[in-house]
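Two complexes are shown next, each including chain A; its partner changes from chain B in the first to chain C in the second.
And then the complex of A and B:
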């Protein structure tokens, strides 16, 4: 379970990194259609993975989805609570 | 007296004689073109998703200082 969580987190990190590296490339190549397509596909994938993570394990950053009943940020294990 | 402003002093050129026959060094950076890119996980580990930019420190002795 913990391993799956870490794996998903790492995948999110890797996807965001790819998107950001393409972002830098696009700053100097703004009309590169292939880079644009790749960039959007990674942004989309990142959003999908983040939704999947937050459904299973709670908010990643400060909550993106508002829950009027409870402040869910404190529900995820804190770094010192993980084994 | 040395006058650094070009063309304003006929006696003392702002270029020293030995520099007149050679052009100064010009730096250039080739324009990057998108070829293939690494899959995300390999990109994260390499620090870049572009294989042509992946040059880990220490692999090329010419660009390695402390070895």
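And then the complex of A and C:
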């Protein structure tokens, strides 16, 4: 269970990182259409993966939709903790 | 405005404590060429930049540096977690432990508390962007030094990631500088002087 969570999070991190690196590139190349389209494809994939993750393991961002009578945001693990 | 995502930018999973390394790595938390200095520098300079590309890149790299700050803090935290006082002392962290226990405190490897004097926000876009290029090189060099000091792959892995990011930032700032220079030289187009003005 923990291993699955880690693997899904790793995939999210990799996808988001690809998107963010393109984000920086687009800051200085705002008209690069290929980069733009690639960016959105990564964002779309990230959204899909994050939905999966949050449903099973709790929020990654401040929750936008009600899904629990507990405020799960504070739950362990926090990102800096050894996991 | 900032939004926090509850994850690190890149994983930090350190299995073996090493307070001696922590003493060196903290310099990228609160030292002169560290991530706090970088993020404050870029987030402060962005206000007075003349082109949107420069505003964008300073804003966004400044934001990424905060994520790096978090990573460096996590590395130091994991390297010193549960390390008893006498081991901290033997590793050279006796003074740090006295004042901060196992907390993370922004300072350099030599114990100098974080100081904004290590950065400038000059308001002159060329001066600022050239400083930023230098800042990225200094950070890259520091990460190389820290990598040389370590033999633990769990530590070297995130340090290597952080080093590579500095190289990418250097590239982006170079582009921003070129764009600013092009834009500034555009403004110097001379048009015919209005009649009546002496040459």
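The definition used in the following text is that the second predicted complex is superposed on the first by the 68 of 83 C-alpha atoms of A that agree within 3 Å, B and C clash if a C-alpha of one lies under 4 Å from a C-alpha of the other, contacts with A are read in each partner's own complex, and residues count from 1 in each chain.
Keep this in mind: a residue touches a chain if its C-beta (ideal position, glycine included) is under 8 Å from a C-beta of that chain, and two chains touch if they have at least 3 such contacts.
Please read these numbers as outputs of a predicted model, since none were measured by experiment.
*Asks:* Report the partner of chain A that touches more of its residues: chain B or chain C.
*Replies:* Larger number of chain A residues touched: C.
*Asks:* Just checking: does A:60 make contact with chain B only, chain C only, both, or neither of them? Give me first, second, both or neither.
*Replies:* So A:60 only meets chain C here.
*Asks:* Who does A:15 touch here: chain B (first), chain C (second), both, or neither?
*Replies:* first
*Asks:* With both complexes overlaid on chain A, does A:38 touch chain B (first), chain C (second), both or neither?
*Replies:* In the superposition, A:38 contacts chain B only.
*Asks:* Is A:25 touching the first partner chain B, the second partner chain C, both, or neither of them?
*Replies:* Both: A:25 reaches chain B and chain C.
*Asks:* In the superposed arrangement, what residues of chain A touch both chain B and chain C?
*Replies:* Touching chain B and chain C on chain A: residues 10, 13, 17, 21, 25, 28-29.
*Asks:* Considering the complex alone, what residue numbers of chain A touch chain C?
*Replies:* 9-10, 12-13, 17, 20-21, 23-25, 27-30, 59-62, 73, 78-80, 82-83
*Asks:* Of all residues in chain B, which touch chain A in the complex?
*Replies:* 32, 34, 37, 40-41, 43-44, 48-50
*Asks:* For the complex, which residues does chain C have touching chain A?
*Replies:* 3-15, 53, 56-57, 60-61, 64, 70, 73-74, 77-78, 81, 168-169, 172, 175-176, 179
*Asks:* Taking the complex as given, what residues does chain A use to touch chain B?
*Replies:* 10-11, 13-15, 17-18, 21-22, 25, 28-29, 32, 34-35, 38, 42
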